[in-house]
């Protein structure tokens, strides 16, 4: 329709301009339902969506982004997407359909997520984790999805544990003969670690499995409810399993390779671990950004 | 001037409306200099300022708030206010002058602040703290200023320490005879505690002293630089001084009463302590909101 | 049991200490379901719970807090609490039962919340709001619950609109004869406003109604999806309805009194409105903290 | 010294492990002074520092990172680094010296920063901006530094402006003959835009110039103090200069090329612009990640 075109200032041609890598909307909040293994998960997702923009077109049609998100999310109420990253993939594909000028689309989503956990001897409760999903599509080139998780747990410092033991034994030599029965004292703290794996759409990676890989790589998981004895046991177990952030990242990498022996060499992996140090006001941090192929050669 | 009045829609009369408790601007960012004990402190303050508004006037003159802040801060470059709370007080007084319809004014300011600290045996460095200043004025009724500090340090849990020791000794009875030489193992974590004291303008309370009261009430201060042995000693000292958040708040209250024996019974005091638990994903919290008079009767 | 008592260091007597106003846990994250008008709302709530502590007892039993929250939330999966604030009230009551030494309990909860909205001529979508619930109980003295909402919408500045029109008409006097057909140009921005009403437990206030009161008091609601013409109409309507933050707060107060004519004079009401000014880097803010009785006398 | 080695668990050999991309500390807060054009700038910087770690070594020596930061910052009090990015470069170089096992080092710094600004006809005041500095070094391969700025300003939507004008003129055809004198009405909002340029250490780029490029690419800068008439003039000027986030990014890119015609083709440039939409609860976003060489071919 002529009049509509006249007002479509996004579609106007610009001369001598620049293409843009990502144009879109950030911070959309949407409730959604994903069904995994027969269980409905009600999530509140924060969503960013982007497409690229050629140098010749003034603007991207932003409202189409939110339309696509809304339609896909509404459809999920009926059809139940299988995962947050599958939802991201579906939105991503549809973005390329609606933005015919785009050659690239990207969708990022995060959501709080809950799994049952039980401390040894203690009571089951729902523990919070975070899902971090992404999908990217290049027109004519398939679709990549990224499955990511954030886990909050506990690290105990190996270095302070050894040095403190050394100082204690120097001061009380009579303890030396039963040294290995004496518990290590060290600083320990809240740690947040993330693991993200980017695979082609058809490859299936379960976020719950990634959460387990990360959680089991910390000095100890943490729990909402700990009665007196359970609390002490969590503390003792964690101190028998001290970990630097470096150790956490490497253990996650090792477990990932073992759990998924068939992953293609080209698969991207990112692992980060950050300890909110109890003896410092700053954090300790370790990271590996790599591919499975590089990992296999260490 | 007639034309100006015509456009002054803030000053317009409204009928049958409501008075407002606070009207103003929030989130002003300003660099400033305060001089304490001959030392210049360059601060970047985040500032909120408010006055009340009678039910008969449509709007408050918002730009006057920022004018007052800017003038007072600029003047401080020349004259050096003695403290952040003195700056807040000066702005507060001037707000009542410029907003002649107001009967109440309030100014809130926070700023990062640095003091030299040295761990036992270690190296001096600048540690970050936070200043939290406030001033309130009722027209014709004097001015109250509030001096507040936030300190980040470390707490060690007394309960897990005792239970863990009990479990260890049950499992290794031969350790019982030298039990008190065996270091406690427990969970420990980053803690943030605040202390705020509200006094009449002429009463002098030093933020540095409040910081020392809070810092010394934790299981241990924390430090930017800790070499291996210093780190272990900080850990051992903290474990010999385990503290619940409840203990932290009470120790701060006790030290405050002792440090300022002459404070008036009407002085308001707020103490909060929050431990970012290493064994949980949530925090432990304790608070006392009170007056010095109530505190003296516990 | 003797051994258990020996390790219950929280229950230990302390001499000469201070009572505490609030002791508890903050930042618990829990998924829950509340059923309103036959519709299930799946919420992810962030929860803080506190009780007071007498001066004679060393610590509060923190794990009981999380037990109560977990049990009440689990029960809601079966029994469906009627609202977030009812859930807060249930938890609050149970806290006093489990902490027999406490005389006061408080529960705070916030959660993202979604309602269907349709811009004039446009498409329905789910818009995000925030629920802010609270409950407090004094032993033997009944229970107060607080129903609160946060709404994100749009404000247009009345002052800039008038002054800009004045400047435009001065520069083009020929426009004066059709001045009122010329749209106002002004600055406009994202605004976040909150309304909280604290009532006895048995009084019923619907959060959806509070959201509607706040949303209708802004220059315009905002929407996820706006096609070109809908967008322009929202903009034009908002500019015909310019509002200071002061206007927003007063309109909310007026609508609240009208909607709930039978509220008791003692009911507490708090209204805040904050505009993230487009012409400044700081925000404009207005607030009224009051009782319904005071409001009735303005 | 033998005993010290025994406790150096970071230096221990690990078998069959993985190298790490970044190991270090995040969130160090430090006051510092940089001198530019004879003017001292007192900054509070938030600092992250990292080195890589070979697969054969268990841990990085974290305390060396903070030692380097502290020494370099202390030295700056005496010698005055010329810029935040120069400070980052100095720290980066020293990290490689102290961590002899590392082949890569990275330093990131951000700080609030203030420049004088005066609205047309108005009063000068200090406006807040943000500096975003980075330095990376590969051993034996020189040092790259990144100069970045974040600017908060205002965007006016071109699309709503045109459509709203169209609707107004349809409804009042008598306005058509003086259409171009009628101000555009549109939605406008707070916008945050960033520009980052990564260059070899010896290339000089002035952060103040980057700030000016970004600020002048928005619909209008924003100001702390605006009296009634200044405010209306800022609003009118901004509405005569409507900008999509896409326009903002492209204008920044164009001005950058023009300002620095001699930049090498390999220089990395990142531009982002995010508008906190007043008609939506989500943001509009545009980005270009590129090299100067690619930009020259659009």
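The letters A, B, C and D name the chains in turn, as written, and every chain counts its residues from 1.
Everything below uses one rule, namely that a residue touches a chain if its C-beta (ideal position, glycine included) is under 8 Å from a C-beta of that chain, and two chains touch if they have at least 3 such contacts.
Keep in mind it's a predicted model, so treat the numbers as computed, not measured.
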Between A-D and A-C, the pair with more C-beta contacts: A-D
Far-end chain from subunit B, centres as C-alpha averages: A
Mean-CA-position distance for subunit B and subunit A (Å): 35
Centroid distance [mean C-alpha coordinates] between subunit C and subunit A, Å: 30
Mean-CA-position distance for subunit D and subunit A (Å): 26
Two or more partner chains touched - positions in subunit C: 7, 28-29, 66, 128, 159, 163, 166, 224, 226, 228, 231, 280-282
Residue numbers on subunit C that touch subunit A, as the complex places them: 4, 7-8, 28-31, 42, 44, 63, 66-67, 70, 112, 114, 123, 125-126, 128, 224-228, 231
Subunit B to subunit A touching residues, read off their complex: 127-128, 152, 154, 157, 159-160, 163-164, 166-168, 171-172, 174-175, 178, 181-190, 220, 222-224, 226, 228-229, 231-236, 238-239, 276-282
Subunit B residues within the subunit C interface of the complex: 3, 7, 9-10, 14, 16-29, 48, 50, 53, 55, 58-60, 62, 66, 158-159, 162-163, 166, 244-247, 249-250, 253-254, 274, 280-290, 295, 298
